[in-house]
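For reference, the structures are reproduced in the following blocks.
What follows is a pair of complexes built around subunit A, which joins subunit B in one and subunit C in the other.
Our next item is the complex of A and B:
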């Protein structure tokens, strides 16, 4: 259970951190406020999940969030991949992640462990706003001018392999399913793809998604890339000055 | 004593809006055991940054009451807070500040396979009541508010997000 919760919370912590990169420099004021709000939402969501983990393992919430080594973080690679301050890339990353998270939270809302189910239901309602917002941006860029359409399509293509990696299962996931704590609908990936396709095609964009193999080893099992190391170093910068400081 | 506690809660404003936390529908339960008070609060949004301030304010103000020795504040997410919990007085307080509250009558566009609200329209303007309004951005000055524009009176306004 802890691995599953860490994978959810770590995705949100790092995506929120990445989104906060846009504070002050997003293309328009509303987008700037939106990305800052998205960052705030994601980090707040992560912190409530870390609090839930703390009720299981008794560890300090800040230690859970910031006191782990690289391989103990279980986020997928896409949340730490740099967008190089390319707006279309930021939207593409957000598009794959937000829809994935929305469907994942819906499913966690049905889990048999009540504390997680009730929190997940609440988070799903907030995540719906993220999904709607990012989808409208994809449509906006896809139906803009030639330049915006090309950039949006390139970004969707570039992030497609990383998007598929969101579906890597954390260790112990199958046990949760076999014990009946979590339901495992076969159509999780198909639902995600269907929804993304619907939004993308409405804007004349295409998706080149390919499902990852079952034996894929990536971020969810602690195998991270250079972008992750850079993100983690940035995230740890203040915390490591004084790990015992009170926030 | 219950009456006094509710009076105190009525006097505590939300840190981000000119509305009492009682009218905002945050208070789920008040339990009194001798001189101990336990107040259960429903956050509007998960992990809202105003929560520690709200807890502190409740502890201080309720703690000043006679016969109260300890005050405990618990935040829970089940039942979830919703805009339906805002009282009529609360709605009018928010409207005078340019914030409207979902009334259930607004149309929701669900063109999406998973039924997510992509665009909202037909939300009435808190200034002139016109429904000729558009959503500017789902993200406003706080996490629980969105930004809108009224084409009739040409004024921006905000709305409590429907969650």
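Our next item is the complex of A and C:
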């Protein structure tokens, strides 16, 4: 269970952190404020999940969030992949992640462990805002002008393989399913793809998604890339000054 | 250590040429704090489409304070005297510099008709500075009951009261831990 919760929270912590890069420099002021607000949401969501983990393992929340080694973080690669300050890339990353999170939270809302189910239901309502927001952007850029359409399509293509990696299962996931804690119909990927396709095609865009193999080993099982290491170092910078400091 | 993304920030923000951004319509946003309150003008924003205007309004004016409902409409529609026949929401600014306040709904044949009906049916002889009107069909509504605006996750730090509470808590913690003596030694007593 802890692995599953970490994968959810780590995705949110790093995505929020990555998106906060845009604070002050998003293409227009309104987008700047909105993107920063949504990034704060992601970090707030991560925090509530770390608190839930703390009730299981009794560890300090800050230690859970910041006191782990690289391979103990279970986020997917996409949340730490740099967007190189390309707005279309940031939107593509959000598009894959936000829709994934929305469906994942909906499913967690049905789990048999009540504390998680009730938290997930509450977060699902907030996640719906993220989904609506990013979909508006995808449609706007996809139907904008030739330049915006090309950039949006290129970004969607570039992030598609990373988007698929969100579906890597953390260790112990199948046990939670076999014990009936999680209801896991096989349609998670199909549901996600269907929703994404609907939004993309309404904007004249296409998605080149391919499902990852079952034996894929990536971020969810602690195998990270260079962008992750850089993000982690940045995130740890203040914490590691004094890991026992009271915040 | 900064991530590679931060090592290479763009010299110029965004790639949109300014004339394009300047040409975005201006949208007016009204917020309703409680179900029983009237909608009050919260401010304006710039956005290329109604859909993005609604998204921006939620994240900007919807997060300044707790609110249950948002109305977003194009500025030109509020001040326009033309428009189709139908139901109009009408707003009054009592004195110059005040916020426009929602005062009611009228059936009208145009923006101009809505404004004059607002005077005859609602305001009467009361002096006022300006009237805005907008056809309901031109208004984007965000209903917080169905479509969350203010978050359920604790975000009171966004409010002045919540922020000062957090700051006070931190100072209390510092005082309790005795660190205050160090600050006083360093002659920073005034800071407390």
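FYI, the second predicted complex is superposed on the first by the 247 of 247 C-alpha atoms of A that agree within 3 Å, B and C clash if a C-alpha of one lies under 4 Å from a C-alpha of the other, contacts with A are read in each partner's own complex, and residues count from 1 in each chain.
Here, a contact is a pair of C-beta atoms (placed from the backbone, for glycine too) under 8 Å apart; a residue touches a chain by one contact, two chains touch by 3 or more.
Here the structure is a predicted model, which is why all the values come from computation and not from measurement.
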item: Superposition on subunit A - do subunit B and subunit C clash or fit; value: clash
item: Subunit B versus subunit C as contact partner of A:103, first or second or both or neither; value: first
item: Partner chain in contact with A:237 - subunit B first, subunit C second, else both or neither; value: second
item: First (subunit B), second (subunit C), both or neither touched by A:125; value: both
item: Touched partner set for A:27, first subunit B, second subunit C, both or neither; value: second
item: Subunit B versus subunit C, judged by how many residues of subunit A each one touches; value: C
item: Which superposed partner A:199 touches (first subunit B, second subunit C, both, neither); value: first
item: Segment of subunit C that clashes with subunit B, given the candidates 24-32, 114-122 or 168-176; value: 24-32
item: Subunit C-contacting residues of subunit A that also contact subunit B; value: 30-31, 33-34, 37-38, 40-41, 44-45, 48, 122-123, 125-126, 128-129, 132-133, 136
item: Subunit B to subunit A touching residues, read off their complex; value: 45-49, 77-78, 80, 112-114, 116-119, 136-141, 143, 147, 161, 163
item: Footprint of subunit A on subunit C - complex, ascending; value: 1-6, 8-10, 13-16, 21, 24, 45-49, 51-52, 54-56, 58-60, 63, 147-148, 151-155, 173, 177
item: Partner subunit C, residues of subunit A touching it in the complex; value: 18, 21, 25-31, 33-34, 37-38, 40-41, 44-45, 48, 82-85, 87, 122-123, 125-126, 128-129, 132-133, 136-137, 139-140, 144, 226-227, 230-231, 233-234, 237, 246
item: Complex contacts: residues of subunit A adjacent to subunit B; value: 30-31, 33-34, 36-38, 40-41, 43-45, 47-48, 102-103, 118-119, 121-123, 125-126, 128-129, 131-133, 135-136, 191, 194-195, 198-199
